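The two complexes that follow have chain A in common; it is paired with chain B in the first and with chain C in the second.
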Partner chain A sequence: MSFWPVAKLTFKESVKERFFIGMLLVEVLLLFLSYYLSELAAGDSVKVGMDFALVFYFFLTALFAVMVPVSTLFRDISDKFVYLILSKPIKRESYLAGKYFGSLMALALFLFASFFIVSVGVLGISHFARLYVPHVIVVERIFLLTLSLFLMGALLSAFSTFFSILFTSQTLATVVGFLLFLSGLELASVKELALSSDYVSPFNKLLIKVLYYFFPNFSLYDLKAYAVHLQLSVSSLYFALIVLYTLLYSCAVLLISTWLFNRREL
Partner chain B sequence: MGKVLEVSKLRKAYSLGFLVKRKKEILKSVSFSVFNEIFGFIGPNGAGKTTTIKAIMGFIFPDHGEIRVFGKLNTDVSVKRKVGFLPERPYVPLSITGKEYLDFCADVYGIPYYERRKKYLKLLELVELVGVEERKLSSYSKGMVQRLLFAATLLNEPELLILDEPMSGLDPVGRSIIASVIRKLKEEGKAVFYSSHIIQDVERLSDRVAIIVGGEIKLVDSVSSLISKFITGYTVVYRKVGESSLLSKEVNRQELWPFLEKLRKEGYEIVEVEPKSLSLEDILVSFIKGSGGTV
Partner chain C sequence: MKRLILALFLIALSYPVMEKATSLKPKAEGNSEVYPYSYERLILTFPTLKPLISDLLYMQTCYLTGNDVFNRWKERKFSRKEWKTILHNVKVMTRLDPYYFDPYYFVGSYIPWKVKDDREFLEEINNVLKSGMNYVEDWRLPFFIGFNYFYFMDDKVKGARYLKKAADMEGAPYYLKLLVPRLYAQSGKYQLAVIETAQELKRAKNEVLKKQLEKRLKALIALRDLNFALERYRKVYGRCPASLRELVERGFISEIPQDPYGGEFFVDKKSCTVWTTSNLRPVNTSSR
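Take a look at the complex of A and B:
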């Protein structure tokens, strides 16, 4: 359990940073923006407003999940705090696991706070738009979206940990992490499009298939539509499968990260 | 007396250059042993002091050689329970408080909560930081952070303390605090291995020193024996038998015995013969110049 002190310290360090409060404030500001954008919508203004609010929620979570592990790991390594930690009876793998779990704990707190902010915001949008939306159902759906965002954050944090060890530049690790997230969101659509097209060669179709199964698929966690459109539903099997997917993929990425970190000179 | 730390034939080279790689050897078969003593590790900048310490702590991997701490390989994490380490210019996340950092260390060593308060107080008294532990580290001066981290390295009551330039960046008060703690640890029978470029401190504190220049150990010896080997001359204080006024003369090694003989024959009484030696700093400089390095 030598990873636990590192996890606790990483959590304390992360939530005391200005970045943490800053992200929550941005969340609030974006909710106000969503309300004003919903006012401009020609169609169903509540749904447009909620859509915007949840899109911002989705992307802010991804940004948080990329930036927290990258910044704490990079600071530890570049400022040599890692020397103080690894001079104690802590194995490198425990250190890395501690950093990862500490980041996840910070993400959980961020999502917990965000859940309240977003729920109040979304209900506020429907209230001000003077349209009735069943509150309990909306909050329940936002809660399920929050859980899926936590799973997405867990996988993204594992990749951020990996990039922090792979690259020697914090900016590069952050940019690559976020690009991976964006490509992971679109990969499923690209695959669908490529496989149904007659203009894509069989080799390229195969390549796209391989890439699709190799790279993480972040569109699996995208339950925004489910949260907004009350007629949609998510089965518990689907949810269980994305939990399993997250666990397996994150473990694989963290194992590779540990292998690399054990060979890295500090 | 058992070996606390044993470094044998340590070699380390780094590859330099982007396209055309060339190897630069940083450590060239470094060997020394540390017993229950205060062991100073001195050398000019770039001599390989920090690289040696990093290899001892397992932060870098030597190309060749072996490091044993309390008889076990340094890669065995369990030996770190008995070791305290303070790197050069240490950093800690400034958003946490001093107590939170101490709590982190106590968590690592499994120190129960009911023992912590007493331990923290004792250590904070030692480094004169009582009353600031609840403050964020961002409000500490550099010297205070260094003293806090030094105190934290003592939390597990280490048998061996490894310090990389512990005095650098400290004001005279901070240096004196660290020096007195190091002496206290020695009295308690613990070993302290530290690098420094403040030679006066090393001369004052160390039982033995190793001089490293250009990645090679030039000499390992006790400070007193080292200084006695570098005696450049003597000051002879003498007086006429029955007279009170003292006379003195400085002579070199070769002149000493003939001069004493001459004084005896001429009826002088020899009051004192005081050796004049090079300081440790002069000795280090002579080694650096002897290896073609720059001071």
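Take a look at the complex of A and C:
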């Protein structure tokens, strides 16, 4: 458990950052924006408002999960704090695990606060909407989306940790982390279209399949439609499988990261 | 502190400048072009945002249609081709988010009135609504399909079939249950109309509806019996009777029954069928 003090410290640092509060404020502002945008749609404006609010929630979580591990690791290196910690009887692996779990704890707190903000926000949108037929909002569904976002954040944070060690530039690590997230979202759609199309050559189909299995699949965590439409359901097996997928993939990425970190000159 | 005050003063000063500049800015006319969207391109550009893109596409369609409705583009109205593009875009919307009700409502309630003489187009609209029924459980979807068949395509049997589906769904207004037998009767399916009404009467719990169904059943039984008698007359004499009195005189019926709606039964010589002047509605409010 030698990683625990590092994790605690990372959590405290991340929460104290202006970035943390800033992201929550942006969340609130985007909820107002969602309300005004929903007013442009004729019909079920609550559905439209929820779509906007949950998309903002989804992307803010991804941004948070990419930025926190990157910023905390680079800060340690630039402030030479990492030397101080590693001079103690703490292994490099434990330091990295501590950084990762500290970031996850900050992400959990961010999601906990965001869940309340988003739930109150969409209930507010529903309250102010002028509808003939009210749109039913089930907060438990937003909570399940929040859990899936936590899993997505856990995997994305593992990749951010990896890129922070791989690259010497903080901007590059952040940009590559976010691009990886977008690629992981896109590939499921690309595969679906490419495999059903007659215009894509067999070689390209194979290439897309290889890429699909190589990149992490972030579209698995996208339960926004489930949160909005009550007709949709998520089986407990599906949820158990995405938990397992996150565990397997995150552990693999963290193992590679610790291997790389042990060989990196600081 | 002085700097801060100066900064605030400069910001305040910038507002009238911005206002003036805005008033002088050249204004572009609203774009009235209806652009066909591609589902494939949209999901490649915005992979996880399918429902949101569906919302935005719907908003744009409402904006374009609204401008068309209120004659914002005075020089023109949407052409048939443009309505087809709008229907194509609605199909894209419903593919992006098949559970989104509003595009189905838009396509069912508005577009048919713009293309009412194009059977193929109406069939395409009905197909969109039929696929929507797999995702959205709302009585208005089969209602629109039934209405299109009945009103625009003059297919009363198909119309009645979908209206019956609508009538059986939760939230459907009770008068739909009365409309279905009338459509069957108007299309000459008297026995079907009688069975349908009798079934509804068994299920009905609302007293007002029960009374209306009893009246409808009485009228439909009379219509069915008169039409059967007329058919027998035609088989025997090889022609259409001049009036219902002739059926009584030749012993095909004992008397001309009374229409419970206050109308009178008569022989429609054009189609050689019996119908009623009440059109199965109380005579004082009867129209159509």
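Simple rule for what comes next: the second predicted complex is superposed on the first by the 257 of 266 C-alpha atoms of A that agree within 3 Å, B and C clash if a C-alpha of one lies under 4 Å from a C-alpha of the other, contacts with A are read in each partner's own complex, and residues count from 1 in each chain.
As a convention for this text, a contact is a pair of C-beta atoms (placed from the backbone, for glycine too) under 8 Å apart; a residue touches a chain by one contact, two chains touch by 3 or more.
Note that this is a predicted model, so its numbers are computed, not measured.
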For the combined arrangement obtained by superposing on chain A, do chain B and chain C clash, or do they fit?
fit
Touching A:L40 in the superposition: chain B (first), chain C (second), both, neither?
second
In the superposed arrangement, which partner chain does A:Q231 touch: chain B (first), chain C (second), both, or neither?
second
Which holds for A:K91: it touches chain B only (first), chain C only (second), both, or neither?
first
For A:P5, is the partner it touches chain B (first), chain C (second), both, or none of the two (neither)?
first
Tell me the contact category for A:H127 with respect to chain B and chain C: first, second, both or neither.
neither
Just to confirm the geometry: in the superposition, how small does the C-alpha gap between chain B and chain C get, in angstrom?
22
Listed in rising order, the residues of chain B that touch chain A in the complex are 54, 57-61, 77-78, 80-81, 83-87, 89-93, 95-96, 100, 104-105, 107-109, 149, 156, 162
Within the complex, chain B is touched by chain A residues 2, 4-5, 8-9, 12-13, 16-17, 75, 79-81, 83-84, 86-91, 265-266
Interfacial residue positions of chain A with respect to chain C in the complex:
40-44, 47-48, 51-52, 55, 58, 182, 185-186, 188-190, 193, 218-219, 222, 224-225, 228-229, 231-232
In their shared complex, chain A is touched by residues of chain C numbered 40, 43-44, 47-52, 55, 58-59, 62, 97, 99-102, 105-106, 135-137
